[in-house]
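Going by the order they are written in, the chains are A, B, C, D, E and F; count residues from 1 in each one.
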Amino acid sequence: MSVTPSNENIIPLIKKESMLVSLEHGIRQNGRKPFEYRPISITLGYAKKADGSALVKLGDTTVLAGVKLEEEQPFEDTPNQGNLVVNVELLPLAYETFEPGPPDENAIELSRVVDRSLRDSKSIDLTKLVIEPGKRVWTVWVDIYVLDYSGNVLDASTIAAIAALYDTKLPKLLQEGDSIKVIKEEKGERMPMNYPVVTVTVGKIGKYLIVDPDIEEEGILDTRLSISYTPDKRMVGIQKFGIGTFSMQEIDQVESIARQASAKILEELKKQLGIG
Amino acid sequence: MSVTPSNENIIPLIKKESMLVSLEHGIRQNGRKPFEYRPISITLGYAKKADGSALVKLGDTTVLAGVKLEEEQPFEDTPNQGNLVVNVELLPLAYETFEPGPPDENAIELSRVVDRSLRDSKSIDLTKLVIEPGKRVWTVWVDIYVLDYSGNVLDASTIAAIAALYDTKLPKLLQEGDSIKVIKEEKGERMPMNYPVVTVTVGKIGKYLIVDPDIEEEGILDTRLSISYTPDKRMVGIQKFGIGTFSMQEIDQVESIARQASAKILEELKKQLGIG
Amino acid sequence: MSVTPSNENIIPLIKKESMLVSLEHGIRQNGRKPFEYRPISITLGYAKKADGSALVKLGDTTVLAGVKLEEEQPFEDTPNQGNLVVNVELLPLAYETFEPGPPDENAIELSRVVDRSLRDSKSIDLTKLVIEPGKRVWTVWVDIYVLDYSGNVLDASTIAAIAALYDTKLPKLLQEGDSIKVIKEEKGERMPMNYPVVTVTVGKIGKYLIVDPDIEEEGILDTRLSISYTPDKRMVGIQKFGIGTFSMQEIDQVESIARQASAKILEELKKQLGIG
Amino acid sequence: MSQNQKPKLILENGLRTDGRKPDELRPMKMEIGVLKNADGSSIIEVGNTKIIAAVYGPKEIHPRHLALPGRATIRVRYHMMPFSTDERKSPSPSRREIEISKVIREALESSILVEQFPRSSIDVFMEVIQADAGTRLASLMAASLAVVDAGIPVKDIIAAVAVGKADGVIVLDLNEPEDMWGEADLPVAMMPSINQVNLIQMNGNLTPEEFKQAIDLASRGIQTIYNMEKETLKSKYIEFKEES
Amino acid sequence: MSQNQKPKLILENGLRTDGRKPDELRPMKMEIGVLKNADGSSIIEVGNTKIIAAVYGPKEIHPRHLALPGRATIRVRYHMMPFSTDERKSPSPSRREIEISKVIREALESSILVEQFPRSSIDVFMEVIQADAGTRLASLMAASLAVVDAGIPVKDIIAAVAVGKADGVIVLDLNEPEDMWGEADLPVAMMPSINQVNLIQMNGNLTPEEFKQAIDLASRGIQTIYNMEKETLKSKYIEFKEES
Amino acid sequence: MSQNQKPKLILENGLRTDGRKPDELRPMKMEIGVLKNADGSSIIEVGNTKIIAAVYGPKEIHPRHLALPGRATIRVRYHMMPFSTDERKSPSPSRREIEISKVIREALESSILVEQFPRSSIDVFMEVIQADAGTRLASLMAASLAVVDAGIPVKDIIAAVAVGKADGVIVLDLNEPEDMWGEADLPVAMMPSINQVNLIQMNGNLTPEEFKQAIDLASRGIQTIYNMEKETLKSKYIEFKEES
């Protein structure tokens, strides 16, 4: 059962008012411009026992993604491709009110949105994750752990997932007569990535739109919308988060803002990952 | 752990008094005679993706049963018969205090009583649910969902289960050389039913006995007893529900009343299902 | 998440004072000497459907251990030995505040400490629990149920586990041509035991050390340490239980006290089990 | 036909697998007041998708320390009956059901005048009887109708439809093959009289141009559905508050 | 002998697989006050079935808002030890254990003078040490004895026995093969001195005539068991309230 | 090399598989104040083992009836990230993690001046980023540093190291092969300035003489680690209370 969060009712009215005054002058209270992201930093290989990993900081929001590969049977309806499983956890380390326990609806929603962005964008070439067609494939576990929650974990999670995947090498395969043997201890091919995908979150406060809301801003947003893009500007996922509504015209504006922001993040991502 | 329900202590004494006065005059407060059931209505095929289904109304009590068939291995100790699984859920839609979550002790008890009635009556010829002896059989899932709780869900659930089973067709089987293939998309044989079974619930209020208690009556009953019968009047299940006791003489009376009521319900059932 | 137990703060200061006064005179309030155990009684075969069982009383602490054998596949990394699973349950029968439900952290810790003592001591010759190398082995389930909690369940649990194991006979095996058949109904070989293991718990109150604390003493202990020994005085397990600390010198003393106590318990155990 | 092979979604005559034109809605049926115990209820059918919804409340919340001082708490469960799908679904909630319960709650909350019921709860339960594409939106509409049936004031009733892309064509109100094999699925829910979008999600693949085209098509479909909803309610209630 | 094949339950000499006559009880042993911490406790053996029961209470209930103002809350758990059965049983509660806990609670509640302890709880725990037919009734009797051992007033102690049909013969106090292979299993629990049935269930197959015959036989068995229970209690307590 | 075969742990030159001498520690790195939201935090690396810890508190406890009147409640979770181990670990807590959370809590509680914070809670969370032997002790040290970083007064900071036996040799600060294949693993945690042991466990096999030798070696290792911890803290805080 999904229940109205108990903190939703504490509307920091004064904060909102002063934020609106700032935005009237084209600037946010944190000093950023409306369509400006916080700085992104990526540390690849942060978790050395993962097959690939990345620590991502988006401002103070800190996310660690790790990739693990396991040999498994393919699903019946996709015998010729690997499996992808995405899991986001909002760790109790990350924020005072986060509790230990199985993922709640917020973590599950984040997991599923990141999963769909990775899947629908065809960022990963899953068909290259087959060891033996119909019998043995790689399952790609992407575990994303939020360490410090400072707003907009979704965009940070997508970046961390992509960075960790680009950091991943598959275990080595060895042809032995008719059969293929997996050498777990040795690294083989790189994860077959087609291109990255990014998610851009746009928040609405009164009549204003801003990108990459931080934790203070999240508390006073009317609502927000997240859109994922490929490098060729295809939209590969949309999710409206939280209570509140958009007009159709606002959705149009959001899309345009998000598309432009996606190009900048992709550029940053390519630079830091040394790709394309 | 089973715990005294917290509503048990609210004994509506005045209601009980006036009910007893009514019963002295041979009539219930809802206008029914002591041994009179509420009207039964059955809508077959209500859930079109089920292999068989029935929406049953017993007065205002509304129950939806759906049957699904799955190909599985037989249990080790019954290699030559299909499997039967019965599940009753008291949906939160059905009553204000019902909570979402896994089945509680009430739902589990109902499931197990309906299951035993179906099984011990041999209503279903489970031996005809074998695809390949010892290897492949049908598992019959009977899921019974209570939509509107207005008393006596047990009797309604048994009716719904039987009606849904009579509504069920097995998937088509195709002999292909030595092997048998299941064609899920096409319907084949009818569910191999021997005969229906019915459950009759008799409540005790003071020195009076009544059948088919409604929700108001359930609240003031001293206790109740449910007995299941086959068309040839064999008893195929008994369950005493709730706190309270019967004398041995009362149990005798209950059996006699229930047996007579069972004949009427079976008649109604056969008429509505167009059988026998 | 592990949480400070809510009863930890009720420090029975007066009790502790009078206990310290007693100990100054070399005697405990229950009349025992500091390094004296309560009487041990063992009833073998107490649970007749178990493959081996023992009811153990250590003073008023009562523990029932039952052993069940199941044919299973060996773990991949130990193809040539049987499996051992130990489970301790603190039953709600045993103490007023024990609640029904899955094992809590206390029960899990006890399970794991007993498990390690059995395993690391090599009390059981697991390599003799192979039916067919790499394919079929015995899993030894040791279930330990605390019936009456009167302090020091760990030492009682280890005794009960060992006694139940010595009481265990494996099902009979029958060579049939190339294959080995298990005759569940008939008893075969004894459980392949090398020797017993015992656990000795030493508590600290102020500057005093005592063995085998009862329930009253547990409430006022500063902390306690449990050490397991084989008959040849090898240490095969240590666990510090609860809040509180020891100095390095105290740990030395504890080890010496525990070692001497272990010899006495082993003697008692051998006598009652008729071994060695 | 194997489930592993994509069928043709747009036939040579330009029609869809169920004979509809690209901008044509599936047949719909709605009914309110279908349950006795619930304070509000409804059944809705969209094509072969069938949903039942019930609302209890506004009522006192237990335990009381969970009550919100300035507004009602909304509690929502979207659940699929085990026999509602082609393969039997386990009755325990899947991650998908948990996500959908959340997006439906947020969409529904945005339409209810929650400030009118401080310290109380409104419980909304939806059961999918038949799942044949579009269950989240049909459930949301069923919930919205049940809320109105319970006499709870709303900004507007919610109308919703999924648009998407099938064999390159932007289509209205996806059916099951289009949902499974199409290139994009874009569910949209609105309060039409105030032009506010309560729910929008997308999975799949659309260019920005296609996206614009798709939400335009959705808007038009939503208006038609909205009129049906109003008719359904009028048959029981003469008036309900409409803001434009 | 394979588990898949039904054995003969009534031998040619008319006796049962364990040598008993059709109307003969299994040997029984009972003891109370067997645990130190519990307020009341008992061990009961019926044939090879062995149960231990403990009662804690009446005591204050936590959290307090769960307390019932006019009566005690009864909390009951029936549980099987993993080594009590032929195949090891997982220690987590099965659906069968949940149902049995409920029917035992309801039977036991009907015997306790719960109105004497408002706002308090009485906790009853039963562990099956050996399961060899009739565990629910042996557990209920063990619980009833433990309740009396705890000094809690009851209308009467509960005596119970299962009757059934095996190879067409109505038999008293089913053993395991009869439970597994017989045609009917009819557990009955009573407060004999006041002729009140606390628990009755049946699975299997009986004609109404057989049913009457069976409950008559149960009544007689119960009277014998009741006398044993009274003897057990007398050995510890000289008097307990008896209503007839 | 198959995982089933024990490798040589002490090489012919008397050194260990990672080139260390028997009494040599692994390289260590520590940092505090690494997280923004937490009241205290730290990252610690011991060889290839890497842990992050966060402390929230002292803060009001919810629900309030759980508060302890005379002291703080300590709540502790030790958790392994799924990608921290060679084989992926399920994120749900294992029995091992539950035990370790408990022993870490008890060790940590023994160092905190809990009486200074009645009715409040101190929450401590540790995540294992890389598991390569010694995660419980590294976690405990990370927690202790994070507690101090949160400004919570302690009797002393905790320093810890595992000693053990590998190929018959008593070794300091076990690495993964020694942990897996060695004859004994003896983790020890202390408050060095007051000579108090907060945590001691052992699994494996030691004679009493070896045990004495091992804890002596542990004491020496702990002193070195303790000095590193103090350096780490000094870089941020000039003083912290030290009792000797």
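Methods note: a residue touches a chain if its C-beta (ideal position, glycine included) is under 8 Å from a C-beta of that chain, and two chains touch if they have at least 3 such contacts.
Computed from a prediction, not measured in an experiment: that's the story for all the values here.
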| message | Please report the minimal path length, in steps, between chain B and chain D on the chain touch graph. | response | 1
| query | Among the chains, which is located farthest from chain F on the basis of C-alpha centroids? | reply | B
| task | Give, as an integer number of Å, the spacing between the C-alpha centres of chain D and chain C. | result | 58
| query | Using the average of all C-alpha atoms in each chain as its centre, how far is it in Å between chain C and chain E? | reply | 32
| query | What is the distance in Å between the mean C-alpha positions of chain B and chain C? | reply | 49
| remark: Multi-chain contacts in chain A, i.e. residues touching at least two other chains, fall at 1, 100
| query | Where does chain E touch two or more other chains at once, residue-wise? | reply | 77
| Contacting residues of chain F [partner chain C, same complex] | 3-4, 66, 68-77, 95-96, 98-99, 101-106, 109-110, 186, 191, 195-208, 211-212, 215, 219
| remark: In their shared complex, chain D is touched by residues of chain B numbered 46-51, 53, 60, 62, 64, 66-68, 70, 87, 89, 91-96, 100, 102, 141, 143, 145, 147-150
| task | Could you pull out which chain F residues touch chain A in their complex? | result | 35-38, 41, 48, 50, 52-54, 56, 59, 77, 79, 81-88, 91-92, 123, 125, 127, 129-132
| task | Spell out the part of chain C that touches chain F in their complex, as residue ranges. | result | 1-4, 6, 8-9, 77-79, 105-106, 108-109, 111-112, 116, 120-121, 223, 225, 233-248, 251-252, 255-256, 259
